[in-house]
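Two complexes are shown next, each including chain A; its partner changes from chain B in the first to chain C in the second.
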Partner chain A sequence: MRGRALPYLLVAPAVIFLTVLFFVPLVQTIALAFETRTGFGLGNFLRMEDDLNFHDAVVNTFRFVGLAVPLQLAAAMGMAMMLRHLGRGRDLVLWIWTIPLGLSDLAAGLVWLALLNDRGYIASLLFHLGLVAEPQSWLTYETPIALFAAVVIAEFWRATAIVVVILVAGLQLVPKEYAEAASVFGASPWRIFTRITLPLMKPSIQSALILRTVLAFEAFAVVIAIGGRNFPVLVSEAYNWQNFNQEPSVAAAYAVVVMCLSLLATVVWLWLLKTPAEQRA
Partner chain B sequence: MSGRRAFYLTGVVVICAWVLVPLWLLAANALGGQPVIAAWPKPWFPGALSFATMAEFLAIEGVFRAMLIGFEVAVLCTLFSVALGLPAGYALARYTFRGANAFRLMVLLTRAFPVGILALPLTVGFIRLGLYDTPLGIALMHTALALPFAVLVSASLFQAIPRELEEAAWVFGCSPIQAAYKVVMPLALPGVSAVAIFAFVISWNEVFAASVLSARNRTLTAYLLAMLSESPLTYQFAGGLLLIVPSVLFIFLVRRHLFAMWGIASR
Partner chain C sequence: MAGITIDGVRKSFGATTALEAVNLEIADHEFVALLGPSGCGKTTLLRIIAGLETQTAGRVLIGGRDISALPPRARGLAMVFQNYAVFPHLRVRENIAFGLRMHGADSARIARQVTRTAGLLRLEPLLDRYPAQLSGGQRQRVAVARALAVEPAVLLMDEPLSNLDALLRLDMRAELKEVLREAGTTTIYVTHDQTEAMGLADRIAVLHAGRIEQIGTPSEIYHHPATRFVGGFVGSPPMNFLARDGRLLGIRPEDLDIVATGDGLPFRVNVVEPLGAQTLLTGIAEGHLVRVALNGEHHVPPGAELHIRPRPERIRWMDATTGRAIPPGTEPSP
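Up next, the complex of A and B:
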């Protein structure tokens, strides 16, 4: 009898913990977002929508996620394929490539602030090349495109590492024999990549995309570090409403929007990159 | 063939530089202080480094304290994640029981949500319970982030350890708990330490929940975020470097386990 209860006893603490600190706050967030002075309603969402920054935050968030995540996937795929051609030194290269994995988005923002501030290294480099004459201010409200590029570069620099790790781990599960067989039959490397490697890596591409999309929707410290309040995104607005305006319910409305987007993105990736049961490893 | 090899090697070196050079330049800024930051144009190679700015930054009231609090929170989060995650992972790996799949699904579901922003409604409850603005409160929230990861990774760790070893221990008179403790744990230890280090890094780096759940007792991330708008660049870069150094060290320690962990945790 004891044997039967044992697994439940082992799992119970984690279940209770996740219930109290994940499911309860999840429900509370939704409740808080719909709670108004007069009962339940869409009041907080209307206030959120009325805010000047809301439209910018939505557009910025979508542009940010829409550009950073595909760039990361493409670069990481290239990096994972490159690693296959390395013999000695592979471990060292991998370690260097995965260093940004340990960095927070705040740290990444500060790193790129050091490079991109008006007297930063990039501006200096352009000066040495004779392209600019004086310090350049790129990270202001007047230079939205440069600011956007800076934020995407910082996130790309930081978070490509995790995609590399997931794809390399996935690539290890793909048997080399398939590619060898295709090569014997005269398939070009590109054809092998698109017809064999890529389809077989679908599960890892899928989990990389889910993880990255959810985390990219959540990124906000990188945005604040580089652009201050000049580049509002949904989560930075939630942070501002909570900390500066002292309006938790409007912050919760933002949180609900971010949660819906994350959930939607997850569902889309699960559906688009579905792996039939018989193909699973 | 050798032309192609040269092409790959160049690419590899360029990417290594792409990762390392920005880190080095941040360090140059953080350690060079005001003269380096204000220099225009910057010399090709940053000049002499000194720890004066760093010492000055650490002497500001609250910085060192924020580091200690960040450390305390991360250690607590690590302890909670391992203490709750290992038994659950062990159960998933060793037993077939009703609800196992539901539990797995529950753990996976947390990944579809930005867990950090769930800290928003917790402030009220935490104030009532006396957890608001305490390291324990932030650590609890961070554990919600790190625990799913700890459960999935430790499940795969235990799966990789042959059940026969444990059964042999039972035959020789160990109770299941003794067998798990004396036979399985030593074998799982390297993997478990990797789980622990990862939980530490997740907590050390988390910004949103730490900022929302604290006012005076801020972690280093929350402290830096709050002071960004009012502090000079010297301090921002010094803070950035402080934030980066521990995580890079820790990632170095777990580098061997990184792929085994993510290969499994991403399925």
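Up next, the complex of A and C:
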């Protein structure tokens, strides 16, 4: 009897934790999003869509995800391949690269704010070197491209390391013999990368993309720290509706939109990068 | 012309020396086996020829051309890896075509070569499968087909049969010999299995501790080992050695005859192994471990006290200190 119940007992804490802290709030949020004064309906979504910032938030979110995630993947792939060719000091380099992972995203945002604002380190440096006539400000609504670039750079700096870690782990699962065989059979380094390494890395690229895309849709602290209200994204709008407008149901509508986008992105990556069992290394 | 010249190739990894100035001449169309125990440097030598490892000193020439500085892809050779390294994400057809595609062959030639090599290695029904859907023996055949499809001047094989079970290995060995004879490719074959080396190769180079101990035909290696190491490594069971004032008397187990009591050396049998074709006796003579291989019809009980005598024409003398064979004519009498 005890033997039969034991597996369920062991799983119970995790199930209770997930139910109380994830599943119940999730259902509540969805319910809240569809709740209106007259019953259930799409009222909150219509109010969300009517808002001035909604369009900007959608565009900014997609531009941010669309630029940051591919950049991170490409850079992380390059970094992982570089690590593979490193002999001594490999662990040290990997360790240094992963330092930003240890910082909270708000701290990371503030670091970049300190660097980039009109009285920040970079502006002061350029001014003192005489390269600019007066301290420049890049993080205002008047400089949308610079502001966007700053947000992407900060997020890139902060969160590329997790992609590197996933890809390095994935790369270690691919035996070096495949690349050696390809080189003996006439493949150039670039062709080995595109024809052999990249296809064999598909499962880890998929994991990295799912993780990064979902987190990029939810990027908040870095965006708020650098962009403030000048760079609205879906999550920061949810925060504004909740805290400044005191409208939890519209905030919940935003949350549901973000959740749907994350789910959609996950499904897309699962489908686009699926590796049938018979093609695995 | 694709003769291979290994000219003073040396390799050290930090303080350890894997290869000490190896010289080896391989003729066009010749099949040479590099035979030795693990860690003797045979795989390192093969990888240096392939360009997957860089030698510390020396040159490798193929067809008279120095290829030492070329990357693997420019060396015009093919290789069969120990773990096959058949690309898991490509179908058998694409695996076989891989080398041709990389060399920019046109699709007619690719189709022709895939059909030809697949036929040669009986892979036609498997062309549209992925490697994970194949057995070990089939994967091994794909690896050989991929190598032969490019019609290489030089084929390198790194223990290609070691991952197969014993029966399959026997089949594949015969199959490989036939296929390679037809292809007529210059082949270097690395193995630690002396039966494979003897069965397949025109000549065998026995390696030990980064040095070539002996190069010769299978029969020369077996019957006239140049060193004690070669005698003790080649042959199953290996050569017996008995001490004779500063020299070693080497004699193969099958060259010892059981003789009448009072004639020959006293031999105490400890273990009897009836192996079918042979009966193998392991025991002690003159304080040395000695193995005697008898015709399988002999029945000897363990613990028996016998007398054995080496066939005089089969005795090989070695220097006890250097381990080198003493040339005929200068040997003492047994």
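Throughout what follows, the second predicted complex is superposed on the first by the 270 of 281 C-alpha atoms of A that agree within 3 Å, B and C clash if a C-alpha of one lies under 4 Å from a C-alpha of the other, contacts with A are read in each partner's own complex, and residues count from 1 in each chain.
Following the convention adopted for this analysis, a contact is a pair of C-beta atoms (placed from the backbone, for glycine too) under 8 Å apart; a residue touches a chain by one contact, two chains touch by 3 or more.
Computed from a predicted structure; not experimentally measured.
Residue contacts after overlaying the shared chain place A:59 against neither chain B nor chain C.
Applying the stated contact rule after C-alpha superposition, one finds that A:248 touches chain B and leaves chain C untouched. Comparing chain B with chain C, the partner in contact with more residues of chain A is B. When both complexes are overlaid on chain A, the residue A:186 reaches chain C alone and has no touch with chain B.
Residue contacts after overlaying the shared chain place A:260 against neither chain B nor chain C.
In the superposition on chain A, A:131 contacts neither chain B nor chain C. Within the superposed three-chain model, A:196 lies in touch with chain C and out of touch with chain B [touch as defined at top]. After overlaying the two complexes on the shared chain, residue contacts for A:157 are found with chain B alone; chain C is out of touch.
The intersection of chain A residues touching chain B with those touching chain C, taken from the two complexes, is empty.
Note for the complex: chain A touches chain B at residues 3-4, 6-8, 10-11, 13-15, 17-18, 21-22, 25-26, 28-29, 31-32, 79, 82, 85-86, 91, 93-107, 110-115, 117, 119-121, 123-124, 127-128, 134-135, 157, 161-162, 165-166, 168-170, 172-173, 203-204, 207-208, 210-211, 214-215, 217-218, 220-221, 224-225, 228, 235, 238-239, 242-243, 248, 251-252, 255, 258-259, 262-263, 266. On the side of chain A, the complex with chain C involves touching residues 175, 177-178, 180-188, 191, 196, 199-200, 202, 275, 277-281. Chain C contributes residues 50-52, 71-73, 75, 77-79, 81, 83, 85, 87-89, 98-99, 102-103, 129-130, 132-133, 146, 150, 156 to its touches with chain A in the complex.
Note for the complex: chain B touches chain A at residues 5, 8, 11-12, 15-16, 18-20, 22-23, 25-26, 29-30, 37-42, 44, 80, 83-85, 87-88, 90-92, 94-95, 97, 99-100, 103, 106-107, 110-125, 140-141, 143-144, 147-148, 151, 176, 201, 204-208, 211-212, 221, 224-225, 228-229, 233, 236-237, 239-240, 243-244, 247-248, 250-252, 255, 258-260, 262-264, 266-267.
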